[in-house]
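Sharing a structure here in structure tokens format.
Order as written gives the chain letters A, B, C and D; numbering starts at 1 within each chain.
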Amino acid sequence: MRILLNPLDGMNLLSQNEVAKLQKSSNSPLYTLFRSCALAVLNVGHESDDLYNEFDDFDINLLSRERGLKIELINPPEAALVDGEIITGTQEHLQSVIRDILFNSSKYETTDFTNSVEVTNAIFDILRHANVILPTDLPNLVVCWGGHSIKENEYRYTKEIGYQLGLRGLNICTGCGPGAMKGPMKGAALGHAKQRIKNGRYLGLTEPSIIAAEAPNPIVNELVILPDIEKRLEAFVRVAHAIIIFPGGAGTAEELLYLLGIMLNPNNKSQVLPIVLTGPEESIAYFEEIAEFVESTLGKEARDLLKIMPNDPVRVAQFIKAKMVEVRDFRRSVGDAYQYNWTLSIDADFQHSFDPSHENMAALNLNLDQPKTLLAASLRKAFSGIVAGNIKEQGVLAVKQKGPFILTGDPSLMQKMDKLLMAFVEQGRMKMPGSKYEPCYQINIVS
Amino acid sequence: MRILLNPLDGMNLLSQNEVAKLQKSSNSPLYTLFRSCALAVLNVGHESDDLYNEFDDFDINLLSRERGLKIELINPPEAALVDGEIITGTQEHLQSVIRDILFNSSKYETTDFTNSVEVTNAIFDILRHANVILPTDLPNLVVCWGGHSIKENEYRYTKEIGYQLGLRGLNICTGCGPGAMKGPMKGAALGHAKQRIKNGRYLGLTEPSIIAAEAPNPIVNELVILPDIEKRLEAFVRVAHAIIIFPGGAGTAEELLYLLGIMLNPNNKSQVLPIVLTGPEESIAYFEEIAEFVESTLGKEARDLLKIMPNDPVRVAQFIKAKMVEVRDFRRSVGDAYQYNWTLSIDADFQHSFDPSHENMAALNLNLDQPKTLLAASLRKAFSGIVAGNIKEQGVLAVKQKGPFILTGDPSLMQKMDKLLMAFVEQGRMKMPGSKYEPCYQINIVS
Amino acid sequence: MRILLNPLDGMNLLSQNEVAKLQKSSNSPLYTLFRSCALAVLNVGHESDDLYNEFDDFDINLLSRERGLKIELINPPEAALVDGEIITGTQEHLQSVIRDILFNSSKYETTDFTNSVEVTNAIFDILRHANVILPTDLPNLVVCWGGHSIKENEYRYTKEIGYQLGLRGLNICTGCGPGAMKGPMKGAALGHAKQRIKNGRYLGLTEPSIIAAEAPNPIVNELVILPDIEKRLEAFVRVAHAIIIFPGGAGTAEELLYLLGIMLNPNNKSQVLPIVLTGPEESIAYFEEIAEFVESTLGKEARDLLKIMPNDPVRVAQFIKAKMVEVRDFRRSVGDAYQYNWTLSIDADFQHSFDPSHENMAALNLNLDQPKTLLAASLRKAFSGIVAGNIKEQGVLAVKQKGPFILTGDPSLMQKMDKLLMAFVEQGRMKMPGSKYEPCYQINIVS
Amino acid sequence: MRILLNPLDGMNLLSQNEVAKLQKSSNSPLYTLFRSCALAVLNVGHESDDLYNEFDDFDINLLSRERGLKIELINPPEAALVDGEIITGTQEHLQSVIRDILFNSSKYETTDFTNSVEVTNAIFDILRHANVILPTDLPNLVVCWGGHSIKENEYRYTKEIGYQLGLRGLNICTGCGPGAMKGPMKGAALGHAKQRIKNGRYLGLTEPSIIAAEAPNPIVNELVILPDIEKRLEAFVRVAHAIIIFPGGAGTAEELLYLLGIMLNPNNKSQVLPIVLTGPEESIAYFEEIAEFVESTLGKEARDLLKIMPNDPVRVAQFIKAKMVEVRDFRRSVGDAYQYNWTLSIDADFQHSFDPSHENMAALNLNLDQPKTLLAASLRKAFSGIVAGNIKEQGVLAVKQKGPFILTGDPSLMQKMDKLLMAFVEQGRMKMPGSKYEPCYQINIVS
């Protein structure tokens, strides 16, 4: 089966040079990555353990026509089609893949990504090129983090939060996978519909190594694939006007530690960025565990940045809504943009790409006698490695070959990490439901 | 608690005369009806057995200001509000009540409703005034009928049908209550979202005596309250480009008999109006029962008008979509409008308001030796009376006072009716779940 | 040549009843009026002394199709067509004629036009039905009055005023003929274009007896044909947020006297409605003449209502723009609409249709010993009759048959009128350029 | 006087890097050019011989704010303001200057402009960045060339042509100065207004050295400043769907010769690009002179590319309109874009920037024994130099210092050029009206 697509919107106005470059890219080493991301968005909503092999006769090509670009799909997943025609929303996601994986790959070839300012500008450029930097009068974008594998009552709770936010005209940004990344968008869509808001935003930020495992859910109407995990995290915190953290596993812990590491930077002391941890009654224990871990490792200052609001979607939404005015006033007072938080300081240590090899994981400085922001950065990396070992193709392979990652450090800290991770395992937050979790890490507690 | 609303859209451009008339109407005998309909749409989504008493301190007033109209709500149900402000979609429904109950009440004072042409023109006028007669290039409005009290798997099935219709760009019109009236809209909304269709239509047609029992679900984005049940039925068949019938009870049977009675009219022989009966696998028996009843009472010609397509949402949607071209071609060939089927002949017998008193019910001609269209009209009335006895305020009261309605007629016909109604009872289709059904009718089988 | 038009916009959503009524109307005694108005708007921009005979093979029919209305044109003027297709703007004007002459004719059959409230409500209804009552945040509609036959430098001046108003985002309403009715619109269109205002309004208000003589210029993008001259005048003053009066002849004098008569009504004392008389340097004498006539007949209070601002378009526009805030504040303070001045009191004497027969003209009470508002009303009628005698078909005919109208009254008043009219004649303001003026009136100065 | 502007549209979404670069550019050697272009567009509509000195206290600065860019104007010309606020259309033009002079200056630093493909892609990129590459279903962009200094009847004629094109839904692209560059836009604006076309396009293509002398007229609603005259010419022919040539002088001759040189390229044999020469009756002699020159120098094949249609705006517009279908069919047949003619071959000789120094002018190969396309290229350069010597700052200065340009070549060719240029002089086409022409060239006729 062969389908030929005419690109939507701007993509039909490429120059011949650009078409040629895209075509070349699609034949390059990038191709494997490109094909698997394309497959992930085309097969949205249909679980598959092994996309790559299940659709081994799938192929995607960009055809250069003088008149512009054509996208050729060979044997695309049924999920992408209705009566032989691609679903518009799915084509939008596919074009995001072309834009962010292929088009951008050559664009930033000469960018110096060791330069912090360049990184921040490039992220802005990527987001703007994806048309997600929109002029606004009132801040309204709520970033929601949380696990892709959560319990049914937790999922319902994330929907209810999204609904209450949507009723109040707020928009949602998530990592765009299932679970806590889908619930708030689904709820907000209903809230927006009731308020007759037609331009509600469901912004998904993802990155190449995770998109296959957490394909963008169909509600996402703006999709951006950032180059790597650190740039994705920076994009989250710079576009966020508020952040809600739902129950989750290692990935959520990584996000939280990244956020705290940045907010503890003295330059960011006056920043207004509400952080709310919320979930149903049954999740209180989870949050207390997290809060205790944060306080005992990063200190009371870090703990105080977190507002825990259990089981009250209406109050959470009212709180966030009220904060939007403060966010606006702060941005205006420092002359910052509403759509992108330029003034937030992010240390290079949080920007550089961390490669979770066994060596790098083993070498992490996990001692308490270092500045809190550095400790947060190291802890963030530790959890990032665990996420990789759990679900990312390369990480999973490395663990299979060399055994679990070894984490070594201050005994009391190691014990705390161990306890937290064990709790995640027990609560089933490390893997998709139905599978047994095989730890990809080993905590060395040397007394 | 007191809330003052500025009317949305056109309603802020009333003349002083019109404001005065509205205000007078709202103090008239109409007021009780108006208040209870308003209450129903304001309390949407929240079940209440006894709206009237539960919200006895609720009041609604129209205030005349030189600058226009203000709507005053005293103690409205919480369900209508977010942080003290009315939900936009709910206000739209409320304004539909003002428009259709109050504004229209004086508009048609002089209309001769015994004149068939006048009736058809008035219904058009009501629909156009409600802004639901929209220019279209391709017919796309699918009327869905079915029970408000259906089984969970049936409900899921109606959603799936709606989803498949929505994916194909089709719009939904229902009676706008729960169950089979909500599922197709919910599904279509998701399908439209995936196809990035922003102007999807979820048209609800209701009438005053039923709105309280079947409040418009929140997805409805166009709501019209026709004056009575016969005008509502005529509105359905004149705006429909296709009709899908899901499992239901007496109400659904009424709708089906009305439809068949009209389609059997020789003038309508060439009309193109696909009628599909569909449901999950488990509902096949139900449809066979219906089909058998139809065939044995109205004949094979009637039976052949019904296309039963069990358990295949994709095929149903593809079938309907394909038929839209035929509908367009037919309308064009006879010079009829796409948005309103002027050429469909509807006999006066189907237009006149039927009052289901005990006398009228007893007097129904339920014999087989009459033209099929007349028989269909009588059967339609019989089922209409049963619906009234089941859920409409006045009907329920009458049955409580005078005992069940007595239906008399041809024995073989009476047996068939009895059998069909017993099946509805057994399948729990006569009442909302959880309550035991007490028949409001008694079939006299005189041998 | 035969052209068949599909109606634009709403007119394709008529009910069958409405189509039937329209068709019947177009075959009725109204037909002659309808045909000549249609001809006038179709021949726009092309002067013709004798439209009726020049296009004697022209015909217009409304064809009833089940699917709606079709407009059939037989031998329409070339001016209406481009390559055999009607110009969209011209079709809009044509549909205004159908709507206001035919559709409305039956709509107000039962309206009691002796009832002042009914008149005001009917005018609102006509304007709203024509979609010219638009919600606004800030008043911005400037009514411009002035002669259709003005000097070249005066015309350029009206364009310059329009340009300066347009640059400031103000909209224009005129009587929609040539001269001072066209200049301000043309200028405003340029000003709007420079400010990238795409929804600039060029509202033309006219009436059947004048439309042939003063066909709507092509810039008019909203056209309403009020039933008679008095309703047109009332429409002007109720939609106006400010009024500019340019040099003109008897018609302009009529408008000014109407306006003064109303503003002198004690009920209107607090009304905020700026009235500016302006023209190029050379027109100062004209305005002084007018002002003197007003002061000596209606008194200083009347004179003080007029602000004469010679030869300074920028200052005039700045003055008007600044006044808009006052107008808004006043409307808000009394709870009146921004789009229609409901609170302005208009005495029945100004609402009743005046038939300028020789008897009625002779019977006018033109004495100074009466209340100023009554005097203004009488003077208004006198000038109205002169306009009729000058350019309206019926008036011209009557004068031809019975000689000039005789006006009798207080000698000093009569002398003033004579002087004013003589000035109009001398300045060539009574007829289109190139023709010699033959007075249609005779002033009786009985000493 | 100091005015601070918030950028419109996209320009408020710049990254901090971009703002910094813009600011740096505005302090660079580019500044003088930038300031004079800014001044030209701000003083639009007001002739000034010496903008630079008349507004010597004018200054423009770009202020970097974290929140984005601010544009600071010190003592801007009155013409740009209304009540102290800049006219929106003028601000759009100003932003085009910032975008094209400053923003683009660094963008193409590394582009290899000796590479023909790169040039064509860069021009596309500049136009797309200016948002003038718009998706279209039917080709509709008519490029109009002609003199900035034309006679009154010729100007009226260009307006009439524009009007007839606008009535037929066609859009206009010109060099955006006065005369034949303004008339067609003005006429089209009226035609569009009558047809209620709200998105009519009036595209102006200019270049830095000419913008001061031919400031964009206020009707231009899309303005692009190409880097130099050759890129401007390439932009014209690649966006054109048809080209109309009005009477003009040396500049128009340059454009015509450029166009013929390209169309004579054998690769372009099958191209569909109608070229119409038109003007009022009195201009026939002019066109015959041109045609004769073309035939005797470039041959009959070149002559046959020109369609001369004197004095018939309706027929011209009908002809162009009909051709649009052929243009579309051709583009579709070769798979080319509708918005940009990628398949048109343009030799490097027509792309390279020609510097009209005395040496370069003297060195031009003006002999007949060379391929026609090369001869066309040389003749194009000769006329280009004459334009520079006539009105461009640098050229005028060079001629003042070193005397007229010397042109040498084949005697018969030289005689023909001399004759043509003399005719331009006699007809007053070389300078703005009112000034006496002092030739900037000298033709050497060596026998």
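Things worth noting here:
What we mean here is this: contacts are C-beta pairs under 8 Å (C-beta built on N, C-alpha and C of every residue); 3 or more make two chains touch, one makes a residue touch a chain.
Bear in mind the structure is a predicted one, so any value in this text is a computation, not a measurement.
Of all residue numbers used where chain B meets chain C, over half belong to both copies. The two sides are thus made of the same residues.
Of all chains, the one whose Cα centroid sits at the greatest distance from that of chain B is D. Chain A and chain B, compared by their mean Cα positions, are separated by 45 Å.
Rounded to whole angstrom units, the spacing between the C-alpha centres of chain A and chain D is 49. Per-chain Cα centroids separate chain B from chain D by 64 Å.
Taken residue by residue, chain D touches two or more other chains at no position, since every residue touches fewer. Each chain pair that touches appears in this list: A-B, A-D, B-C, C-D.
Residues 12-13, 15-17, 65-68, 117-118, 120-121, 124-125, 128, 133, 135, 331, 334-337, 339, 342-343 of chain C are the ones touching chain B in the complex.
By the touch criterion given at the top, residues 82-83, 87-90, 92, 167-168, 189-190, 193-196, 198, 218-219, 221, 318, 321 of chain B touch chain A in their complex.
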